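Some structures are shown below for you to check.
In the two complexes that follow, chain A is the common piece, with chain B as its partner first and chain C second.
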Partner chain A sequence: MKCVIAGGNVKVLGRAVHSLSRIGDELYLEPTEKGLSLRAINSSRSAFASFLFAPLFFQLYEPGGPAPDTERFRCKVHMKSFLGVFRSLPSLDKSVGKCLILLKHRASRLVLQLHCKYGVTKTHNLAFQECERLQAVFDTQRCSSRLCAPARVLADAVVHFPPTLAEVTLGTGPGGKISLRNYVEDEAELSKTMVTELWLAEDEFQSVTVSPGSCITFCLKEFRGLLTFAETSNLLLTIHFDEPGRPVVFTLDDTVLEVHLVLATLSDLESSSLPPPTNGVSHLPTPADDFADDLESYMVALESSACEGATGGPPSPTFPLRTPRTAQSDPEEQEEEEDGAVPGTPPQKKFRSLFFGSVLTPGGPGLAPTQEVLAEDSDGEC
Partner chain B sequence: MRFRAKIVDLACLNNFSRVINTISKLTKTCTLRLTVCKLYFILSDKVANGGASMWCELCQGNFFDEFQMEGVAAEHNEIYLELVPENLSRALKTAHSAKAVKIKLTNKHCPCLRVAVELPSLSSSSRIVTHDIPVGVIPRRIWNDFREPTMPDFDVSIYLPVLKIMKSVVERMKNLSNFIVIEANLSGEMNLKIETDLVSVTTHFKDLGNPPWASEDGCQSSAQGRNLESMAEARIDIKKLQQLLAGQQVNPTKALCNIMQRVKRRLKERQWSGDLTFLCLLSLLPSD
Partner chain C sequence: MSFSAPPPASGEPYVLSASLDNARHLSSLLRAVHFQDHATCFATASGLRVTVEDAKCIQANAFIQAEIFQEFAVQEESVMFRINLSVLLDCLTIFGTSSLPGTSTALRMCYRGYGYPLMLFLEEGGVVTVCKINTQEPEDLLDFDFCSTKVVNKIILQSEGLREAFAELDMTSEVLQITMSPDKPYFRLSTFGNAGSAHLDYPRDSDLMEAFHCNQTQTNRYKISLLKPSTKALALSCKVSIRTDAQGFLSLQYMIRNEDGQICFVEYYCCPDENITEAEL
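Right after this comes the complex of A and B.
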């Protein structure tokens, strides 16, 4: 893979990396025909972000790979290392003219080269790890509510909440107003915590399509990262959401850039009706059910343990393992999925942290021989 | 028991925010006393060795356009609330461009001070941000704990040097020692001293001026007849002093320091309008 980014776009790339660094510790790179995709996921698997830079964004874009249908190269690098190259945004602006990203297979290095003013060239050689595809399952078409507004409106709203605030509740109210309120976990906390609430009028949004009375609670920290990016790029932010428990998707669209941020939302515990975890059952919910209320269909998919060597560790005993049978890929699904076994610890919070699909493409290339998928730990949620 | 107030003027709002910020830097919780004409922020920690207590008095007319208060009972027309000033400070932080700020005492699931900030917005209606700050209502039987501290006998009273300078001196001294000795005399001289095993540093200030105290009964007795050159000294916790100086966002016309050797040391400031009084007592530490 080889690509060159020139001029002001270097700063955009830098800002994207800053935004992704708020999400996870590893940056996943995937060059495709549609462009270079940078992704990140957080440790509890409750937040996923992807930035897709179209070929037009680059001065030169060669995704690489000897033949068109060979498996594309994918890798992940330490977020800190990648971020270090773009750490100082003002200096990127002032002194960097061009940025070259080159993959050196033989040396096992991802090379980031910044061509700066006065003939200075800074070359960073980052170690990478090959990995499987990281993809969250989400379908914005099936979300019942959608809000679209200039990012500025939301940034102005979010500023009233303290920087340390973890969760915020977005709701719809009378007269088409949209409310934002900080989320307080227990009743006991209510008498000690300051509650901030603000209302946004319908006409502050470009478009509002919501089911009345709906509300979702999500993590503010990851959202702020996206907002900072969106605000500086002057893009329209669209929020797609559904019932509590279903992920909320934030999208930014541009001619050369497509950004998605998927966050898990707090589920409404009274109405959760999780089937008990099945153990050893070789049954996978049919694709049509994937987006139904059955939350078991949201599963964590990570890179297969094969690529992490044997260091993945034994699977967590609380996660029953299932061997799914191959299923037809859902035509409505926007992305291909690949499975991986995940020896993971259950998420700390009550968030449904699992919205990674587990649908297999029949005969998909590069699948590990044993496909094991972890079902979510429904015990831990209540 | 009712309380409602409204600030419309931006300058008043900024001044009020600055006072709240100063207080929030000094203490985690404090008492807010509301009367018909004044607001008081009181911290009355039992002043043990090295502690600080605070009394801040504001005239409501200088800040609020509307101010309505009904106390707990007709004869005791006051309200005492316990609150976390940091919350109030945060609520006002993003209100720089507000059209109006309304504060109201409410009781939904628990007693709260509801701060409603009306902000201009691009849409037809203004944006309203409400902050519900939980407060504790202090029962009348312990109101006596929050009386204004009486000015004790002091040995020396002196005007402080420009607070900025004093703050930077104290900040650097803080790195060297935990205690600082302030000594002053009635000739307008003040020294800030620290002393450790390895080093001792003294900063001298001259020509500071001593405030004239009207002679009241017994008030100045220890200062009268005092040798003008002799220094009264007070040894205090440097962190507390630094906190007090660092938190100062209100520019006082005059800041005074009264030293009462062996018992208490007090810092008193008056703001320009004469309607804001900020008093902070730092008690002495015993010398080794």
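Right after this comes the complex of A and C.
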């Protein structure tokens, strides 16, 4: 793979990386015929983002040449390492003229070379890991509600919420108005917490197609990252959503760039009403009653191969565990990861109930006899 | 506004007495070498030299020549003492570190000699502070024996081109590798950190390059933790000269222009890292 990004687009790439860094610790790169795709997923698998840069975005774009019937190259890089190359956005703007991304297979290095002012060249040789495809399966056509507005409108709205706010509720109200309010988990805390609510009139949006009375709650932190990118790029943001519990999809469309952010939303259902945990769950989309399976059909299981739920150990009371064995029968939806799928900062309890397998029970299921663990998970889970 | 110190009780003159209208001319240079608590001050009729060392591998010198001071008198051939640099800087900046235009701290510095404390009289806006800082026995300083005849490679760069690079150095790398060569890559700074290796190349015909005299290809590694403090000197400077000798000893000389346009120098000397070099990626 070899590509060259010139001029102002280097800063766009830099901002995209900053945006992805708000999501996850690893940056997934996949050069395709349609363009270069950069993706990230958070540790609790509740947020997925992808930036697809079309070939026209580049001064030179060579996705690279495996034979037509072989698997295309994919890799992942530590987010911090990749971000380090684009750390200072003002200096990217001021001094970088060109950026070259080159894959050196033999040396196992991803080369990022910045050509700067005064003839100075900065070359970064990053270690990468080959990986399976990271893809969230979602269909924006299936969403019953859609909002479209310049990113600035939402950025201006979101600025009213404290920076530490975790979740926000987006709702539709009378007269086609759209509301945004901070989400307070504990009813008892409601009297002690400051509640901020704002209403946006229908005419602030470019288009509004919503089911009346619908509302969804999602994590603000990951959304802010996308908003910052969208606002500076002056793009139109489209929000596709459905019932609570079904993911919300934010999209940005441009001639040379396609951005998707998929966030899990809070479900209305109580934990007790969850279906009993199942192992070896089916991975094809199932009817909407079983919302946990629905989410499975949207989000890809990124199970650690060391984490076999099939044999022994009590499964978690709130969500089904999934075995990698069954995962292999559907390779396209799966990704194998060597490290354990342990969340960094698990979101609040109700969110946790939506994610399968990513939050592990203490003293969890034992390992399948065929699996060899070279380095045990430090949490002792799994 | 300058003022004279009270005459010493014994009638002996101070071995060192100096006046400076703007204490920042001294404090900013001292900050550029402040990577250890202690420093050695060496004063002659030519001026003041403040030396800081670490690990027997690195030495930084700040030179404030006599012409910078409004008054500078040394009674003996030379005066030398060791002092706590952190305390000295705290005293020099006792009225705050923000530089508002038009306001400055005036300084008078007096030293009676061996065993006596260093006296500082600082004044700003009519408020006077008197500081007495204990001095210590000076320690032996390293002699890098670096003279211009032994220099193998030398380049002079505009600091602007290096500042960002030094500030963004990958600190997960243990070493900073410097390559100087008459052939490509001419001048290269490399780090080998957790993320992978990074190389910063400056071509010999770059606009930033004021002088390029490289006779031999040399690649040397220096402990990055020792060189990182030189970033402060780089930030203040307008030009930097980078020289290496046959043994790989590094000399960095920074030309610093103060608020009044006067030129001062700060230099850093560093020993190469003795460990076996890895293959470059």
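For this structure, a couple of remarks:
Going forward, the second predicted complex is superposed on the first by the 276 of 382 C-alpha atoms of A that agree within 3 Å, B and C clash if a C-alpha of one lies under 4 Å from a C-alpha of the other, contacts with A are read in each partner's own complex, and residues count from 1 in each chain.
Definition applied: a contact is a pair of C-beta atoms (placed from the backbone, for glycine too) under 8 Å apart; a residue touches a chain by one contact, two chains touch by 3 or more.
Treat the numbers as computed from the prediction; the structure is a model and nothing was measured.
After overlaying the two complexes on the shared chain, residue contacts for A:Lys192 are found with chain B alone; chain C is out of touch.
In the superposition on chain A, contact is made by A:Pro162 with chain B only, not with chain C.
Once chain A of one complex is fitted onto chain A of the other, the partner contacts of A:Asn234 are absent, as it touches neither chain B nor chain C. After overlaying the two complexes on the shared chain, residue contacts for A:Ala127 are found with chain C alone; chain B is out of touch. Legend: residue contacts after superposition of the two complexes on their common chain; A:Leu200 is shown touching chain B, with no touch to chain C.
Interface of chain A with chain B (complex): residues 153, 157, 159-160, 162, 190-204. Taken in their complex, chain B has these residues touching chain A: 84, 87, 90-91, 94, 109-110, 121-125, 127-134. Only residues 161, 164-165, 168, 170, 194-203, 205-208, 281 of chain C touch chain A when the two sit together in their complex. The touching residues of chain A, when paired with chain C in their complex, are 78, 80-81, 84, 87-88, 91, 95, 107, 109, 118-127.
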